[in-house]
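Shared between the two complexes below is chain A, which has chain B as its partner in the first and chain C in the second.
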Partner chain A sequence: MGISTISDWTGQIGELVIGATRSEGGTRSRTLKVGGEKDLNGIGNAPLGYPAVVAYEIADDPDLWPAVARHAVGDASSDPAAWARFAEAEIRPDLIRLYCTSTRRRGFSDCAAIRKTVEEVLQATSLPISIEGSNDPAIDSEVYQKIGEAAAGERILLGTAEAGRYRSVAAAAMAYGHSIIAQSPIDINLAKQLNILLREIGIPRDRIAIDPYTGALGYGFEYSYSVMERIRTAALKGDEDLAMPMISSAVDSLTIKEVREAEGEDADRIAVAWELYAMLPAYLAGAAIVSVRHPETVPLIRDACSSLFQVHPGGGE
Partner chain B sequence: MHRGKLDHKKGISMNDVDKAVDAGKAALKRRLEGMTGSFSYEETAYHLPVTFALTGSPVHDRNEALAAFSAAGENPLVAAECLAAGEAAVSGREPAPYTGFIPDAVLRTLGYSLVDGSILGLALVAGTPADPIEAAGLCRELQEKYMLTFLSGGIIGSLQSAGVRVGTEYRLVPLGSRPSSAIHFIDILARVAMMFGGVTPGDATRLLSYARERAKAIAIVFPGLNEEEVAIIDTFRVLGIPVITPGGYEGGSWVPVRIADAVRTGMELRGIKVNVTAIPIPMACSPAFEGKSIRKEEMYVEFGGGRSPAFEILRVRPGTEVKEGEVQVIGPEIEDIKEGSAVPLAILVEVAGSQMKKEYEPVLERRIHNFVNYGEGSWHVAQRDIIWVRLSKDAVSKGVHIRDIGVLLAAKFRMDFPDLLDAVQVTLITDEKAVLEAREKAEAVYLERDERIRGMKDTDVDTFYSCTLCQTFAPNHVCIITPERPALCGAITWLDGKIAYEIAPAGANQPVEKGKLIDLERGEFEGVNRFVKKASHGEVDRCSLYSIMEFPMTCCGCFECIAVMLPEVNGFMVVSREFKGETPSGMTFSTLAGTIGGGAQTPGFAGISKGFILSDRFLQAEGGIERLVWIPSILKEEIGTRLRDHLKAKNLESLYEKIADEKTAVTIEALTEFLASVDHPALGMKPLI
Partner chain C sequence: MASLKPLDIYKLLPKKNCKECGDPTCLTFAMKLAGGKAQPDQCPYLDENAKAILGASTRPPIQKVKIGVGERSFTLGEEMVQYRHEKTFIHEPGIMTAIPDTMPGDRIKEITTDVRDYVLTRIGTDLRLNGIAIRCESGSPGEFSRAVEAVESVADLPEVLMSTDPVCMEAGLGVSGNYRPLIHAATHENYQEMCRLAKKFSCPLAIRADTLDSLADLSSKCATEGVSNLLLDLTSPSLHEVLNRTTAVRQHAVTRQTPALGYPVFLDCAQPGLEDAFLVTGVAKFGSVLVCNPLSQPVRKALLVLRQNIYTDPQKPIQITPGLYRIGSPGKDAPVLLSVNFSLTFFTLQGYLEASRVPSLMLVVDTEGLSVLTAVASGKLQEAMVKEAIAKFDLGNAVSHRKLIIPGYAAPLSGRIEDATGWKVLVGPRDAADIAEFLLQEWKP
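Now for the complex of A and B:
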């Protein structure tokens, strides 16, 4: 699909590389490139960047994970390494995102276990990896140090930096050569401010993915859409502090009432629909990485995005 | 000359730093020339890091060492590093607990803590202290202040004898038994710069600027250094590292201190600040409470607001006169005050900081308003000597004292301006006589400040300032602040904008080059248009500073007043926020505000500050203040005297009475009739449309 538009964009989205192959000092089977767009996704005639990257999310502590996503993979969810292996073989996402949900338990202190989990997941899959660490300033320093070190050389995408607590994530990225996810609460100004803070601490632009935070459909998604669109147009108009690829994750989609209360066969159908119909417009609004938790959403969102993606000569890989 | 002179207090000999440096440099060079064999550090990708960072050359033997030494301008650090590596190659590492050269892997985690903020800076402590107990105290202070400390020489034994544990896990890293091991402090710094600071090997300029600007390091030196070691540590100063000595050395640029002041002095010199995290007062403190008010019946005590004399002032003082966190109350405290009474109050905030300037005072002073309102049970309005402050019954019943306002202010100022302020002390006066005395002095300061902006014209400057603070809710709004046009909220003048930019160069107030003049009457400038286009994300192409009819400035929602064109009477009305009634435009303030706010450009309407009405630039393109036909009486009273003076200066004295208010006209019909009856000049002016 291509809609002919006349636009005088002056900016271009920067490129971000995730994953490092053996020749680059890592152990991944491939690298992923995102960004590079010169126009809005799905419309316009300017050469687009790279195709959407579809990420599949797993957790190290499945008790803190939506039941519908857990049940869809059966026993595999009980062990993060097995889950990652299963994901690569059966679900075939472009990127695996590991959430260290264990760190979200009260009184968490076993940072050595995080290290082990990260190492095992990296061994279990050769796909590029993104890892979400803790979200508690009291343990961030240690958790991110461990994750960063365990994944040294793999050029992972490390999340999540926020305005109030970005130093540990940034430090781990700088010390061990990773990229980071910079999240702001559905606010273009805070997104920009965080990027400036990250720049000041020494994170290069080409190692940041913006996460504008994505609300669930019917639960504020339209705000996310609008902010993503504005971040994208600001970037295309030349605002370099916002010209990074965006990641959108359907984090809230599986916890809403409609999904929680669905029963039987409906449960999967509704979960997939809610993820798919949030992530597709998120892609249109500018997301380069779309991230889901239900395995059945992965092929659907990929097909949907590629039907909108206009490959240009010499374009995506 | 001073060599060997006795310090009578301590009975030890004093080294003259300058002399020792010269002799030490020569000795290092001699020894470097005499080196033999090959040498290198293990477990590092940075060769000999200091030498590699400075020159870009990996060094493995004497000839390479001499070449690098000469390339680095005979830098003693290069010589010291080559010699240290040479010695390690011959005699191996020193036994535990000494670390010697620290491998990259360990360093990565150390660098991590620096970026991460879990350590605030790096300290080197070298030499042999006379009193191990005092030295232990010093190192404990460094630990408490989140400094990662490296130890070289006799200090390590001293600490152990005083029962202090050393090791990386205690943030006290024992580098080596001799002070010359201090060179490892610099190889750490150099590697941090290359690993985290993006410094390329060989780019000595980048390395030096990284070390000076980003690396927060200090050196504290005890006696016992030989000439070479003095020369090595003296060179640290090139990297911006202050060298502090509690005794044993004199001359040079080493800073003599009492041992008890060493850590504080070093941290101050290097601008390392311990963050304030919690405010110890018995009420919650957050911007979330900023919007709440304390009504009369909820109030325990009030200050000012016309009921008692009250004022606030913030002054900058030399560091020696400000004691960090000190709060005093002079006069009655809450226990001495009857519920429901009005009490005099002076809020005196004194700040110190090497970057702090006198010009910043008013900008910081305005923050008192926000900060007091952050308190759940404290409330504040207005500024200077017209402040009005209340404490709630609820807060007082939970134990809040007048003193707590001071604690809150001291802490918040330090939290919000960590780079600017080193120390903040607050004095609260509640004794009437003392308040009145202090107020007199404060008024002289207010006057002096006012004189600075008064009389400044837009034509006097080449640069205006922007304000995009409100883009959080009006994303495309851009305020342009000029000497004659304050921000539409009335809170920021051109000078304030200039200062805010100095304090926070990446903040919401940016300099705007005027550029080429496009239209004098409308106040349109190429540079302003260029800035507005960019800052409004392409939404607004043109902006006239002195016109409301063509390309007026956008509005956020904070405007003090709204100016509205009234075509029926060929003039403008201005309504202020306080006026709740109907206006001749057929709309109330809030309806108008809803129509024009949110960052839109609305010809015929403009959000303005009260002060702008009194500016010569007000309605310049439309014919000036003669177009003003209506303002609410509350505003007329407020600016009355100044408005009369302003009109008098323009020979328009009679205009004052011709400007209608809600008492003379609420509808446009009544206004038309009134203006005709007084022969308002607007009626005879060129038609607006």
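Now for the complex of A and C:
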């Protein structure tokens, strides 16, 4: 008697810690732990690993950010420190993810400004943070060095390493004690390959989050969903090169046609629905960190993930 | 019994290679059987033992159930796998909009009309809501049948009739019982009466119990009563519990460990504060009938698109027809961007190009549905096909310049494309999100 889920997994997802408190050499008010699961997210009885981490994304150059996400926070978006402060007080994510979009402008060279931005954001919020640097190999080295140094000791999650473009990120992470996001283009083999490359240059397993890249709902989401399930089940079958926690970000959700063409309140509603209906399946497929840009999505995705995760004592078989 | 591998099946076949099944060899037939693409009875020479084994292992482990009649009726069950990447999910869950029988008739008709008429067209497919669930909240047979009549007066949509009182149920079935509504629900207390109604009207029946063991017991009892078109109601106020139940039921069904749970799943997603979460869980994790309150426009769009995504066959990636695609109204001096026919790549680039407000042309070549990165790595993107595509789609007449922007990941091919085509190649960004900035800064005809 007692029909329940069948679990014959042998592997376990590794743990990753984000953020460092004062006693750990940083200034964060708390740390976040992800990973530790021995089954799919929410399956089985306690302990199940750690609850989902809900990240909220901000940008240092808001002109290069979806309008609907900017408008939803009003003036706060004009300055990254103010935005981070507003996020902690009003939006209450677990993690703030700062995108250094300013580095994506052609001819960008002001790395001193990046350093200042990172310092100000760290001052403005006590939440653990993740920072996305440049995506141009020509400036990577300097940008990541500045970010890493400015956040030294804070154990941030630094993004993004890709195959053929990971040395600068890895060097900054190792020099200043951060973890990194390893992104591959929706392909389990490329995800594994990148993790092996990172291991070979000395990044410990517990310092990596896998980003399998998440296509927007209706724009390739199904590929991302299945790649996440495949990575997770491979890890549970014992493949240690894939047994890192995953991060899924709704990066493209707010630039799709349906959101761009909606106006006013409609744009907010469709933006929130599009983020929620991608990030919740992403959690079900195995993501440990789900990351959104519309402030109203944050409490919805958190409640949904919590209710999937929460074991009620005595709640049936 | 777990599903058999092709070689295991091959051992059971006559190995005559007689071709009478339509396949060239017994081995290819075995591979089709393993993939569920052929039926054992296509082979005239199977012995009884082989028939028994193959019949049990190739028959879908989840009962096929049909709800409704006519154009909008839908089929459930017949699923074979736990994860869509193992093969594919087969039948999309039906989304049933719930109305209480205490609702005024005009409002019922309004909601039914909306469900009847709503359509969202995406990638050439019409996505629709499926039907109406009528909840007997009045406890009155008269009220219940009045509500069913109101629905029937507007549309012949598939229905769920929801009452645990056989008297109310019979009253509802008196109105729409000939149109194969789903009867919801039989319990250990009322199953004999509900089975009688299910047989009388030839309707599928949803069953409900506190635990999965109790539910397996109830499904066996219903089967003994002669009702095998069942759905399992796995609703619980705890979403964690729902996820664990739906996962367990699918596992026990596809591994054939507990055949009494080999039925499609019913979920009442109209749960306070968590309806979206229930709906998403139902779509991704094995739900077949999802009952919900009337949905807002944004939510129904997201839900229908998610359902389409999850039920797309992963073995057949959605490909874009190669060709020349116009963004805005490009003139003779508009930039031309080379891309591949992987749907995700195409839609992502198209989205960013539209957002850039720079009219442009996309030259899409046939990489058999591979992305830029994988196409370059595997040699599916080559200079010769770029040259062919330029000629075939008459790019030389569409623009007056001779410049081609190629994806950043195709940079290794830039020299060869220039040599083969005679067009000047500009290497674009690797990330489509950077295309607007690239065009503003770099593009000069």
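List of remarks:
In this text, the second predicted complex is superposed on the first by the 302 of 317 C-alpha atoms of A that agree within 3 Å, B and C clash if a C-alpha of one lies under 4 Å from a C-alpha of the other, contacts with A are read in each partner's own complex, and residues count from 1 in each chain.
Assume a contact is a pair of C-beta atoms (placed from the backbone, for glycine too) under 8 Å apart; a residue touches a chain by one contact, two chains touch by 3 or more.
The structure displayed is predicted, hence computed values, not measured ones.
Once the complexes are laid over each other on chain A, chain B and chain C cannot both fit and instead clash.
When the two structures are aligned on the shared chain, A:Asp187 is found in touch with chain B and with chain C. Judged by the touch definition given at the top, the superposed model places A:Gly220 against chain C, while chain B stays out of reach. In the superposition on chain A, A:Glu149 makes contact with chain B only, while chain C stays out of contact range. In the superposition on chain A, contact of A:Met174 is made with chain B only, not with chain C.
Judged by the touch definition given at the top, the superposed model places A:Ala59 against neither chain B nor chain C. Of the two partner chains, chain B and chain C are each touched by A:Arg230. Touch counts on chain A: comparing chain C and chain B, the chain ahead is C. With both structures placed on the common chain, the touch criterion links A:Lys257 to chain C but leaves chain B unconnected. Taken together, the two complexes place residues 187, 190, 230, 233 of chain A in contact with chain B and also with chain C. Contacts from chain B toward chain A in the complex involve residues 108-109, 111-118, 195-198, 471-472, 475, 506, 534, 537-538.
Residues 1-6, 40, 42-44, 64, 104-106, 135, 185-187, 190, 215, 217-223, 225-226, 229-230, 233, 251-252, 255-258, 260, 266, 269-270, 272-274, 276-278, 280-281, 284-285, 300, 303-304, 307-312, 315-317 of chain A touch chain C in their complex. Interface of chain C with chain A (complex): residues 83-85, 122, 210-213, 216, 236, 238-241, 243-245, 247-248, 251-252, 255, 257-258, 261, 273-274, 276-277, 280-281, 283-285, 296-299, 301-303, 305-306, 308-310, 312, 314, 317, 343-344, 347-348, 351-352, 354-355, 371, 373-374, 430-431, 433-434, 437-438, 441-442.
The touching residues of chain A, when paired with chain B in their complex, are 141, 144-145, 148-149, 167-168, 170-172, 174-176, 187-190, 196, 200-202, 204, 230, 233-234, 237-239.
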